[in-house]
Structures are given as structure tokens and as C-alpha cells.
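Just below sit the structures, each encoded as C-alpha cells.
The following pair of complexes shares a single chain, chain A, combined with chain B in the former and chain C in the latter.
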Partner chain A sequence: MNGERIAIVGVGQTVHKSKRTDINTAELCAEAVEAALADAQMTMKDIDCVILGSFEPADGYSGPDKWIVPEIGAVGKAGFEMQNVGTTGGVVAATGFNMAASGLFQNVLCVAWQKMDEAAGAFGRGGGGANEYWTGQFPMSPITNFARRTYDYMTRSGCTEEHLAMVRVKQDQCAQRNKNAQLKLGLTVEKVMNDFLLAWPIRRLHMCPTTAGSAAIVVCPEKRAKKVTKKPVWVEDWFTCHQGGALTMAEDPQASTLGYACRKIYKRCGITNPKKEINAWEVYEPASTAELRWMEEVGVAEDYKAWKLFEQGKVGIEKEIPFNPSGGVTATNPIGATPVVRVVEASLQIRGDAEEHQVPGTINRALATAYGGQGENVVFLLKKTL
Partner chain B sequence: MSQNIKKSVADIPEDTIVVEVQGHSNFLVTVGNTGHQFMLELKDNKTITGIKCPGCKKVYVPPRSHCPTCFVKMTEWVKLSGKGTLDTYTVVRYKEQYMPKEPPYAYGVIKLDGADTGIVHMIGGVDLNKIKVGMKMEPVFKEQREGSILDIEYFKPV
Partner chain C sequence: MLKKEEPQDPSVAFRYPRVITYKHSLGYQSKFAHALKMGRIIATKCPVDGRCTIPPRIVCPMHHVKQTEWVDQGQRGKLLSAFKINFPMFDSRTGDLKSWETPIVSIELEGGARMDGWCSETDTEKLKPGMVLEAVWRPAEERQGRVDDILYWKPV
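Here is the complex of A and B:
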């Protein structure tokens, strides 16, 4: 890639909760920004570019940045707000990376948020697709969309409902070790399988929760990064991939933007065996069941065989495949901020700072993704050394 | 789609095929502890309060938790008299959804004594043609207050 080599030099996130009545949206962002700046050992004075964003319809008002920018002390700084449904945090980070790589800015702050305790039913219609008169006429919410996709996966792979529950239990086990995660439920396969059915085969526990939370990162070009931190997390590559609404790439229901983005980025970075060459994964899965197909699309499992890895107990923090060690999105989902949480978590894994949910051994490379709409993806590859 | 909506949303030919898209979400926006304190003072004591930055010493009304210039937490409350000076204003004469009152009405920015920022509010108790920038203003509170910036009904000339 052209441009400056860049690194994440500071990360921050709030403790994620279902409700935060003690603070407003702007103050929620300030918490994450304070944490990221403290981690980078910087003050707001150092920041010369601010990229921020949320899933704006879930805020309930337009232009939330007009409220947040003053609260985080960013008045007068270069930057702008991004919006791209659940992928928002992904495009916030990708844009921040572009700004740092351009060489025009030395200290780029990316902040994303969602205060979902304030929204009622904002998503029933969401995800139908950008086209209001075709797919938008059907009730294709994330729930129904992932129900259809999951059932499709079951019919093609032979995976059973019990395997879907195993995925959710693994996510919960990871979340219980993450001090910032929201849902820590002590789940068992039986509990998941007896949970309220939303749309076959998706039960309530399979879907991500609504969360009040924010996350922030500070990004610098190489020279500056080496000056400000001993633990830079190098951003090896990133790729954004858009598509249409309810149907997937080029209207082929089996094609996937995640697979497409990963193939592109692996080729550019010379990765031929992702399972070996990537040591930790933070992949945005709005439904626990999506994790199966997406493990296959990112290249850690063979097509339609990921469920067997759960049956064999091979997925987990200390296991062969450390997939979503933070507990992932079914434990915590401040939607617009969720992709930045993925980048923060992947960075902590590389630095060895993930505490209780740290993957053992050296994490040389981690993959983080963003997901939104019905298939937009942003994929990030982070590295320990240049 | 009803012809009424077609007419109110856009003046388009009747034979145009369109799809009705409705917004239907409801939101409750949390003011947070800092905003809560300000609202309580309005409601219980008919008092406008500001918050002071420990760094640059600016007093902000309405309050926020962090100074926009210094990005430090602000916790020092300052009670204000409520009196101030009209900085800018306009008179609204057209009508649309979500307006706070029936036009014509005036709203402006009032710089409160003891504060460094101006607040936006309605101007009342005066002939709309006689409002002047620089007028000394004071707040008129509603009888029934609920903890809202609209607990101040309007600012009137002193």
C-alpha cells in the first residue's frame, strides 16, 4: 500500500452496560476519549484530526457530532462524522487510518458510540436494505436476516441447533473474563436451547444486546508512533467492502463481502494460511450463529465445517482457535461503536494487555472486522512488528 | 399511498408510483447527572446555574461536563442572577412542525451576567417590533415546571 505506515498508539473504551442514566451521549464519548488519550499518554491538544461516528438513526437526532465535538474538547480540529449503520465504527477507524496514512495528520483520534438505552424500536425496519421499494417492504431486521442465513447454514452443513448453542456458550465463557463486556450470563447449551425463540433457529440469546458504550483509538504515522509508545500496534492493512441490501454480493445469496474482503487483504499481505498466520480474531457477529460461517469465510475453518470445531472443543481463549476472546458482539453491542471495540480488543491482544481474556503466547497478528446492514464489511489486519 | 401524504410530502404527479416510508421510533435522551442538576435548579429554585472550568475559568450555560477548550471535567457550579443582555435575535413568522409556539414569536441568544456563553431562548413580554440587540433581559419562569429548558417560558426586557 502507498502512504505512511501507521500504528494504533492508544485505545480506550467504556465499561459497556445496558443502561447509562448517569451520563448523556456526549459524556459517554468523553469517557472513551479520556481512556484512549491516557493510554496514548497524550492530551486533546496533541490531536490534530478527529473522526467520529455512530449509527445515527439509533441516536434519534441528526448531527450528533455537533453535540459531541465540544464535549470531547475537539472544537476547531480537522475531521468529520461518519455513518454506515453497524459498520460505522469500521468506517470511522478505516477513515482515521486513511487520514494518518495520508501524512497530513500526526495524531488522529477515532471515536464511535451508541447509547441504545435511549432508542425504542429503532431497528425493526433496519436492514431491509437501502432500496425501500424492493427489500425494504419486508420485515428483514437483523433477527430475521440472521435466522434465514443460519437456517441456510444448517441445511448446507448438517450442523444442529445444539451446535448453535455451543457457539453462544463459548462466547459467554469469553465474555465472563472481559471486565468491559455487558452480558455475562453463565450459559449452558441447555439454557440456550430452551430460550425464547425469535425466528427459527434464532433464539433471543443468539442475538446481540442493546448497549450503551463508546470506544476510541489514537492513530499515528510511523515516526510519531515510535516516539509516543513502546507498544505500537501496526496497522498492516484495511479494506472496506460494500454491497446491496438483503441480497448479498451481485445478488448471489452465497457470496460474501467478508470472504471477498479477506481474500483481497490476505493477498495484499501475502497471507496464505490465515489459521497459522493470524493469532487472534475479533470478528463482528451480530448473531452468535453467524460466527460459524464467518470462521469459514475468514479462513480458520473449512467450508461448512466450523461447527465441528465447536463439537471438538477447539474454539476458545486457550484453545486452538482463539475466536472472539472478548466475548464478541453477542455479549456487547453499542452498535456504531462495536467495530472500534473489535479494533481495541485486537490491539490489546497484540500488546498482551487483554488481562483475563488474553490469548496465551505471542500475538503477532490479529484480525478485526466490522459488519453492518446486511453485509457491508470492513476488515483490519493488525501486527505486533513492522 | 394516500393522496394527502403525496401532496404534503412532495408536489408530484398523481400517477407517480411511490412507496410510503414512515419514521416511527421513539427516543428518550438522557441528560446525565450534570444536565440533571441544571434542570433541578430551574424546576425547584427558578435559578439558572452555570458551570466553571477549573482551567480557563470560563462559565458555561447551559452546563456541560467537560470544557470544550480544555477538555477537563467541570464540577464547580455558579448561581447566576438570570439577568443578561440580548446578543442576537430574529422574529419567526412562518409555521412548520415542531415549532415551540405559534408564530409570530422571537427567539434570540442571551448572554447571561456572570457567564461566558450565550443561551438560546424565546423572547416575550415585548412588542416584537421593539426588540433591540443590547436590551437587558430577565427570565420568566412557568408556574408548572418539570425540569426542562422550557421551564423558562421566555426572557423579557428588564
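Here is the complex of A and C:
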């Protein structure tokens, strides 16, 4: 890639909860900003560019930057708000990386948030249609989207509801070790399989929760990064890929730009065996069942065979495939902030700072992703050394 | 009006109800809507690989070429998937929460394009991938050029 080499020098996130009625949206945002600045050993004075965003309809504020920028003390800094459904945090981070790589800015702050406790869970019930003419005949939400995708996945792969439950149990086991995760439920396969059925094969436990949470990162070009921290997390590559359609669910239920984006950056970075060359994964799966297809698309499992890895007990923090060691999105989902949470978690893994959910051994490379709408993806490849 | 808060929480919350009715233009996709009124389903076709798509597109997103040809998709299709929603969700036609009893099906039409619809068979156990379904339309005088001019899909 052209441009400056860049590194993440500070990360921060809130403890994620279902409700934060004690604070307003800007204060929620400020919690992550303060944590990231403290981690980078900087103050807002050092920051020369701020990229921020949330998925606006899930918060109910239009142009929230107008009041959040002053509240986090960032008036007068270059930058702007980004907005892109669940992918919002992905485009926030990608834009921040572009800003730092451009050489125009030395200390770029990226922050994303979502305070879903203020919309009474409306989003999951179909509160946000993409395009009324094409989606209006049905209630559309991530639940109907993933019921459709998972049904199709089961038809093609032959996996059963029990395998879907195994995925959810693995995610819960990871989340229980993450101090910032929201849902820590002590699940068993039986508990998941007997949970309330939203739309077959999706049960309530398979879906991401509604979350109030925020996450932030500080990014610098190479020279500055080396001055600021002893533990820079190098951003090796990133790629934003939007899908050309899928306004109806039928178009192609497995269509996603994740595989496309991964193939693109693996080629650019000379990665031929992702399972070996990438040591930790933080992938945005809005439903636990999506983790199966996503594992195949990022290249750690063969097409329609990821469920066998769960049957064989090969996925987990200390296992062959450390996929979503943080517990992932079914444990914690502040939608717009979720991709930044993925980048934060992948960075912590590389630094060796993930505490209880740290993947053992040296993490040389980690992959983080964002997912939104019905198939948009942003992919980030992070590295320990240049 | 203030929302009732837990006694130990001193923060104030305020309600923000709003109702906005939008009127969106369909543009070139109006052709699809006019066809529905006539009881026909049409789709755009890619001149490179011949793939038909609904929603219709003015340009093929993969090959970046104009799609000027519209193709009739027939009245029948193969079932791809079927599921029921078991909890109240919003009806975007009214803005109200309601229960949904009918299965949602995805269909691959005879012309190759795919679309979603409701199904007359409410027992999802009886709906198997690959089975043939046929469109059942609203009476012509009631059609509005919307996708739900097709009332439901019926197993043949």
C-alpha cells in the first residue's frame, strides 16, 4: 500500500452494559475517549484529527457529532462523523487509518458508540428498514436476515441445531473471561437449544444483545508511533468492501464481501495460509450462527465445514482456532461501536494485554472485521512487528 | 412527559416520539412496479453473464455495465428457504408492532431472479427446499405496484 506506515498507540472501551441510564450519549463516548488517551499517554491537546460515529437510527440523534464533539473537548480538530449501519465503527477506523497514512495528521482519534437502551430494543423488531419499497412487506431486522442465512447454511452444510448451540456456548465461555463483556450466562448446549425461538433456526440466545457501549483508538504514523509507545500495534492492511445489493434477503443468502475482502488483503500481504499466519480473530458476527460461515470466508475452515471444528472442540481461547476470544458480538453489541471493539480486542491480543481472555503464545498477527446491513464488510489486519 | 426512573438513579430521561411520513421516488425501478400492477414480475438482466436481479439494477454491480434488458420471470419458482417469525415485530406499513403467522419464503423464479414472499402453507415442516411455488395475486383493481401485490406463494 502507498502512504505512511501506521500503528495503533492507544485503545479504550467502556464496560458494556444493557443500560446506562446514569449518563448521556456524549458521556458514554467520553469514557472510551479518556481510556484510549490514557492508554496512549496523551491528552486531547495532542490529537489533531477526530473521526467519530454511531449508527444514527439506533440512537435517535441526527448528526450527533454536533453536540458530542464539544462534549469530548474536540472542538477545532480536523475530522468528521461517519455513518454506516453496523459497519459504522469499521468505516470510522478505516477513515482514521487513511488520515494517519496520508501523512497529514500525526495523532488521529477514532471513536464510535451506541446507546441502544434509549430505543427500547426497537431495532431488533424491525425498526430500521433499508429501503421501504423493497423491504417493507416483511419486518426486516438482523433476526430475519440471519434466520434466512442460517437456514440456507444448514441446507448447504448439513449442520444441525446442536452445532449452532455449540457455537453460542463457545462464545459464552470466552465472554465469561472478558471483564468488559455484557452477557456472561454460563450456557450449555441444552440451554441454548431450549431457548425461545425467534425465527427458526434463530433462538434469542443466538442474537446479539442491545448494548450501551463505546470504543476508541489512537493512531499515528510510524515515526510518531515509535516515540509514543513501546507497544505499537502495526496496521498492516485494511479494506472496505460494500455489497452491490441484497435489499431482498433472497438475492444470495451467503453473499458477503468478507471473503472477497480477505482474499484481497491476504494477497497484498503475502498470506497464503491464514489459519497459520494469523494467530487471533475478532470477527463481527451479529448472530452466533454467522460465525460458521465467517470462519470459512476468512479462511480458517473449508466451505460449509466450520461446524465440524466445533464438534471436534477445536475452537476457543486455548484451542487450535482462537476465534473471538473476547466472546464476540453475541455477548456484546453496541452496533456502531462494535467494529472498533473488534479492533481494540485484536490490538490487546497482539500486545499481550487481553488479561483473562488472552490467547496463549505470541500473537504476531490478528484479524478484525466489521459487518453491516446485509453484507458490507471492513477487514483489518494488525501486526506485532513491521 | 418524564419516564419513570428507578429511585436511586438521579438522571432525567425524556421521550422523543416522532412520526415522519416519507414519499420516496422509485425512479427507473418504477418499471418493475408497473409490471406488478399487470400481474407480471420482471427483472433486469446483466449483458455479461445473463444474471437476472430483483431489485432491478440500472448497472451490474459486478461487471459495471448498463443493464437495459428487462426479462419476464414467470409465475413460478423453486423454494430456497422458509421460516416463521415467532415474536412481535414492526409492520412498516402501519408502524405498529404485530404478530406474524405466515412463513416468509425465498424463491428462485423461473427467470432466475430471486425474491421473497409470504407462503400459503403455514406448516413449515411441509416446506422443503426445491419445491415449486406459484404466485397468487391480489385482484387487479387492488394492486398498487408494491411487492405485496403478490398476496402469497402457493405450493403447486
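Assume the second predicted complex is superposed on the first by the 360 of 386 C-alpha atoms of A that agree within 3 Å, B and C clash if a C-alpha of one lies under 4 Å from a C-alpha of the other, contacts with A are read in each partner's own complex, and residues count from 1 in each chain.
Keep this in mind: a contact is a pair of C-beta atoms (placed from the backbone, for glycine too) under 8 Å apart; a residue touches a chain by one contact, two chains touch by 3 or more.
These numbers were taken from a predicted model, which means no experiment stands behind them.
Engineer: Examine A:Met44 and indicate which partner it touches, taking first as chain B and second as chain C; both and neither are also allowed.
Structural biologist: In the superposition, A:Met44 touches chain B alone.
Engineer: With the two complexes superposed on chain A, say which partner A:Lys115 touches: chain B (first), chain C (second), both, or neither.
Structural biologist: A:Lys115 sits against chain B, while chain C stays out of touch.
Engineer: Check whether A:Tyr151 is in contact with chain B, with chain C, with both or with neither, and answer first, second, both or neither.
Structural biologist: So A:Tyr151 only meets chain C here.
Engineer: Let me test your reading of the model: by the given contact rule, A:Cys269 touches which partner, first (chain B), second (chain C), both or neither?
Structural biologist: Neither: A:Cys269 stays clear of chain B and chain C.
Engineer: Given the touch rule stated above, what does A:Gly60 touch, chain B (first), chain C (second), both, or neither?
Structural biologist: both
Engineer: In the overlaid three-chain picture, which partner chain does A:Leu198 touch, first (chain B) or second (chain C), both, or neither?
Structural biologist: Once the two structures are laid over each other on A, A:Leu198 reaches chain C alone.
Engineer: Which of the two partners, first being chain B and second being chain C, lies in contact with A:Ser141: first, second, both, or neither?
Structural biologist: In the superposed model, A:Ser141 contacts chain C only, not chain B.
Engineer: Count the residues of chain A touched by chain B and by chain C, then name the partner with the higher count.
Structural biologist: C
Engineer: State which residues of chain A lie in both footprints, the one left by chain B and the one left by chain C.
Structural biologist: Overlap of chain B and chain C footprints on chain A: residues 21-23, 60, 118, 122, 125, 132-133, 136-137.
Engineer: Show me the residue ranges of chain C that touch chain A in the complex, using the header's touch definition.
Structural biologist: Residues 5-6, 9, 11, 13, 16, 22, 24, 26, 29, 33, 53-55, 57, 61-62, 80-93, 97, 100, 104, 106-108, 114-118, 124, 129, 146-148 of chain C touch chain A in their complex.
Engineer: Of all residues in chain B, which touch chain A in the complex?
Structural biologist: Interface residues on the chain B side: 19, 21, 24-35, 64-71.
Engineer: Write out the stretch or stretches of chain A touching chain B in their complex.
Structural biologist: Chain A residues touching chain B: 20-27, 30, 33, 43-44, 57, 59-61, 69-75, 115, 117-122, 125, 132-133, 136-137.
Engineer: Using the touch definition up top, name the residues of chain A that touch chain C in the complex.
Structural biologist: So the residues of chain A in touch with chain C come to 21-23, 60, 118, 122, 125-127, 129, 131-141, 143-144, 147-148, 151-152, 155, 196-201, 243-245, 247-253.
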